[in-house]
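As written, the chain order gives the labels A, B, C and D, with residue 1 at the start of each chain.
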Amino acid sequence: MILKADLYREHGFLKGLYLGLKITMMTMLRNLFKHDRMTLNYPEEKYFYSDRFKGKHVLTVKEDGTLRCTSCMLCSTYCPAQCIHIVAADDSDKEVEKAPVSFEIEMLRCVFCGFCEEACPVDAIRLTNEYEMSGHAEQEWVADHYELAFRKSLNGGRGIVSTVDDKDRLKLRL
Amino acid sequence: MNETFEFNARNMATYNEYLTRYDDVESALLPVLHLAQEQNGWLPEHVINYISGLMNIPAIKIKEVISFYDMFYDVPVARNVVHVCTNITCSMFGGREIYQGLLKHFDTGYLTPTRDGRISLQKMECLGACEIAPCMRVNNDFVGNLDLTSAIQKLEELP
Amino acid sequence: MTEKVNLTWNGKAIQAEKGSNLLKAALDNGIEVAHYCYHAGLSVAGVCRMCMVEQDGVPRPFPSCNATCGEGMVVRNDTPKIKSAVETTLQFHLLNHPLDCPVCDQAGECGLQDYYMKHGVYDSQMIDKKVHKEKVQDIGKNVMLDAERCILCSRCTRFTEEVTKTNELGILNRGDHAEITVNEQLKNDYAQNLVDICPVGALTSKDFRFKQRVWFLEEVQTTCIGCETGCAVKVSENKNGAFRVKPIYDHDVNGHWMCDDGRNIYKHVSSPTRLASATENINGLFVPADELAIQATLKGKKAKYILSTGLTVGEYANFFKAIKGSKAEVALYTLPNLGVEFDGLLKRGDKNPNLRGAKAAFEAAGFDHTQAALDKMLGSIASSDAVFVVVPEILYNEDHFNTLIKKVEKAGTRIALTPGETLGTLRSFNYLLPVPSFLEKNGEILNYQGAARTLRAGLSYGETSKDVSYYGKWVNV
Amino acid sequence: MKDVANYKDYALLSYHHIPGVHNLEIFERAGGYEMMKACFLKDPEAIKEEVKNSGLRGRGGAGFPTGVKWGFFSKDRNAKKYLLCNADESEPGTFKDRYLMEKNPHILIEGMIISAWALGTQKGYIYIRGEFYQQAVILERALKEAYAKGYLGKNIMGKGFDFDLYVHRGAGAYICGEETGMISSLEGKKGQPKLKPPFPAIKGYRGLPTMVNNVESLAAVPWIMRMGAAAYKQWGTEKSPGTKLFSISGDVNKPGVIEVPLSTTLKEIIEIHCGGMRNGNALKAVIPGGSSAPVFNAEDSYSVKMDYEDVAAKGSMLGSGAIIVLDETRNMGDVLKWTLEFYHHESCGQCTPCREGTGWLESVFKRRDTGKSQKSDIALLDKTAASMRGQTICALADAAAMPTQGMIKVFREELEQYVTTTGKK
């Protein structure tokens, strides 16, 4: 069946063909010069999701660069995929007292539900809007705390500082 | 610090007399601590251990008692201990200003001896001498109806 | 039996002995009463003020831990007055309590957390400065003290005063600056009980510090094999391993307590160096070996077995059934007596967990369990013998066991059946065969009274299907 | 005034006008120890009966009838029992016991000997607070004199009755004024109150029956025995008979200790006995019975009669009879701040509601120093104080809560204004 059959009947074949092509030509010319089209030339142009996006995890740090995580295990308890593995140890600084020696997330198991972000009492883990996590099958898919906290994309490797806790909590409560 | 401490002859006699007053040894602890504090000025670790051995009372119990009462000192204090009352009636008549004034004048803190080791000031609760408010206890004697200058003058005379 | 009285608590009729503790009667009858300072094994302090109750005819509420049961008492602790009293008293407990839950080992089994969920105020009015005290203090014998978390219920001071009578803990100062402290480092052998009775995270175990969160652990109720007392204990473990041992209340043997040595009996069960399968010793290197090959080398050799005193009654019976009719010789290696005969509380010098069970089984099977029989066997070992030695699980002093090993070296093939990891001392053995540890077998052992104490199997961390009787069958093959 | 005791006007201060009455001879010449000798001829039960009929109420603070309290005491005369005199007197504003013991220690000793004979106790201690060092020395010397005269020690008055009496100094803790707190302190421990029941009359010092009475209660016994219970009832009312020592301090011209019959009006005490208000200022408030008694505003102060019933009716308590007079220049916020500071410092720290509650009351009331204070803090103060009452082993929590609630009830606006103006020292 011919689409727009009434068009051809009304304008004849040639005029119908011209009208059809006119729409295509107009769109092509507009796209060539006005650039308002939807498509993105990945990887040159990347799409930036809002902060709400649940992408790759980040372990926030304090001002002095140490991990904010106190290894209280709430995230690994709450995680439906049970893919967070933490080993805690004594911290020399009496104020800190307990800090993780290793904090690993099995990236292939994680379903990026953000439960760990909710469970964390000290805003130590967040899900950033990073979505590029591709890699080879045989590579090591367990992200250790170095990658989670100090990878290049996080503030050039210095990690994302979370101050929501120390100053505000001390000012407010203790 | 391995200093040692023991009662001198007179205090040992008083200690034995104390024991006769009570039906068990522990009850004599407070009077004995007063005695030891009069002889040594304050009650450091080695005094505690001596008393613990003498009366066969666990050292932790003696530490508990010393830290509980205001008049036993586990920090070094000066020759003259001055209790300044800062309770209701005395504060009404300026007891607290006198205390702060004395601290500033002798440039010292709670209980820390002055540089010449003469005076230790202690902020105390009601001393039971409200009719002569504001008042002070200087080495077991009450001194009342004070103001800052008379208080300073009184403390200057102390040896 | 003393006279029983009937009383009603929140409308529920309960029975209790006349004059016995009112709070104990409620707890024994499953009535939930909030309490911190009351502990059945200690004297009454009555300082936490959580167990307040109202009684008909008594004008003022009073703490039930200081009251005794009388006939026909009508006691309530669910009236609105008591409910708000418990709520505000709990808020007082929490006022100066530090916000340490993320770094505190007690989280998950903390008295404050539990009661906060049930009786909490949920919108704290506290915005003032909390009182700070000394944190993270190592006070010896694997106990860590944090004076800031302490709610001053004085359970620990009463424990060191009444149970161990060593008076090591005390509360200094007055008012809300009161602080738990130690005179010098702890010295008594029951220090870990302090960690169990502390309702909050003020006293935590250094051995368990930050190892695991308690809600990941399940508990296996079993018996301690540290010495002949046979205390009832529970071992907390999960798939990654066993982590700690705690006592269970047992009326006849250990009451509420257990000694510190018993706290380490879990260590070999899930340790990484535990023997996983049959291994062969090739000039000092232990290499996995095939059982059939080992059995082959045994052909024609005279089998001699030296059993340990740590096996269960069932295992002895199965073993003797397995070697029935064979010419195998069996002897019993008993651990030497260690330290004081009896320390007055729980610890005993005789470290053999199931000595009575072993002797009974030996006599039943007609073998001689005495030391003389063992020496005779050791003396007559020839190179044509195959000697099986069951390694004791808990070796307090290894040199006594090493002398046994030296004597066994004359044998042709020397085989060690080891539940634990003592690879170091077993270098002179040809083969090492795994047997289940005490935490992986069901059975009974007879303690110093001769009473049967049950062992229950928890998770298994190694080859646990082959026990001593399995290797006993090799002699007939 | 000749050197003769004036028994007509005074029960306790009847010898105070005689110079040197702290010496035994002068005290005896003025009529001292006669009653003690007379009482030894009487049957102990008769003495107890007489004290009971006199309606004498405990002068320490609770006002519990002494005769009834003696009634709980075990009657077995050869069982080991103790008689303690509570001379700890740390209630802010109170200095009556010190005034009594300083001048006339023998009336206390005579009262204790008579009480010991009545109760059958073999040993007694006068627990005096650590700060009263000179008073302890005076008591010690008086006891030596009494021992020398044979009024103490073995076989007193040839009746085969032994009674040893010693002075025991405390070391600065308000809590040792509480009955069981004092007993713990006497046992050489921290002065922390014991759980009640069992009450001290049954199981007290070293687990043995112990009778604890205030200095003033024991010192009144000789007069009661001399003049009889009926004479004692002429003073005061049916329920609050006899005289009371009041220690008046604050904004009055002549602060000091006076002895007046109970239910004398406060107005009369201030204007006549104490020479009226200091430099003529108007009265603003009165703390009638020591720091743990809720405060009266001016109008109540002028109408109240100082006895146990009327003061309680007006919402306060007679307590130790320490009257602190506050004139219009005083700021009630400061008074409450000092009171809360006192209870925070003196709480023994055993029971949680009091240990944490007193500390919090003070820090809530001092929130203005940290700039976080608001009007609703006063409501929070009231609620917290209410939740502390009746929850603890001893009455210190109540003693901290009642003045707070009383002050809020009477001077709420002033407190709210005080709290919201920050920075005012």
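We take it that a contact is a pair of C-beta atoms (placed from the backbone, for glycine too) under 8 Å apart; a residue touches a chain by one contact, two chains touch by 3 or more.
None of these values were measured; they are calculated from a predicted model.
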Quiz prompt | Chain labels contacting chain A and also chain B | solution = C
Quiz prompt | Contact pairs, highest-scoring chain pair | solution = B-D
Exercise. Would you mind checking which chain's C-alpha centre is most distant from the centre of chain C?
Key: D
Self-check item: Rounded Å distance between chain B and chain D, as computed from the means of their C-alpha atoms
Solution: 24
Quiz item: Between chain B and chain C, what's the gap in Å when you average each chain's C-alpha atoms?
Solution: 49
Self-check item: Geometric centre distance via CA averages, chain D-chain C, whole Å
Solution: 54
Quiz item: What residues in chain C touch two or more of the other chains?
Solution: 126-127, 129, 171, 173-174
Quiz item: When you check chain A against every other chain, which residues touch at least two of them?
Solution: none
Exercise. For chain B, write out the residues touching at least two other chains, lowest number first.
Key: 61, 64, 68
Practice problem: Could you please write down every pair of chains that are in touch? | Solution: A-C, B-C, B-D, C-D
Practice problem: In the complex, go through chain B and note every residue touching chain D. | Solution: 21, 23-31, 33-34, 57, 61, 64-65, 68-72, 83, 86-89, 91-92, 124-131, 133, 137, 140-142
Quiz item: Residues of chain C touching chain B in their complex?
Solution: 167-174, 181-183
Quiz item: Inside the complex, what are the residues of chain A that reach chain C?
Solution: 70-74, 77, 88-90, 94, 96-98, 121-122, 169, 172-174
Exercise. Would you tell me which residues of chain D are touching chain B in their complex?
Key: 80, 89-95, 97-98, 123, 129-134, 164, 166, 168-174, 185-191, 206, 247-251, 255-257, 287, 291, 322, 324, 326, 330, 334-335, 338-339, 341-342, 345-346, 348
Quiz item: Taking the complex as given, what residues does chain C use to touch chain D?
Solution: 44-49, 52, 60-61, 63, 66, 84-85, 88-89, 92-93, 95-96, 125-129, 131, 151-152, 171, 173-178
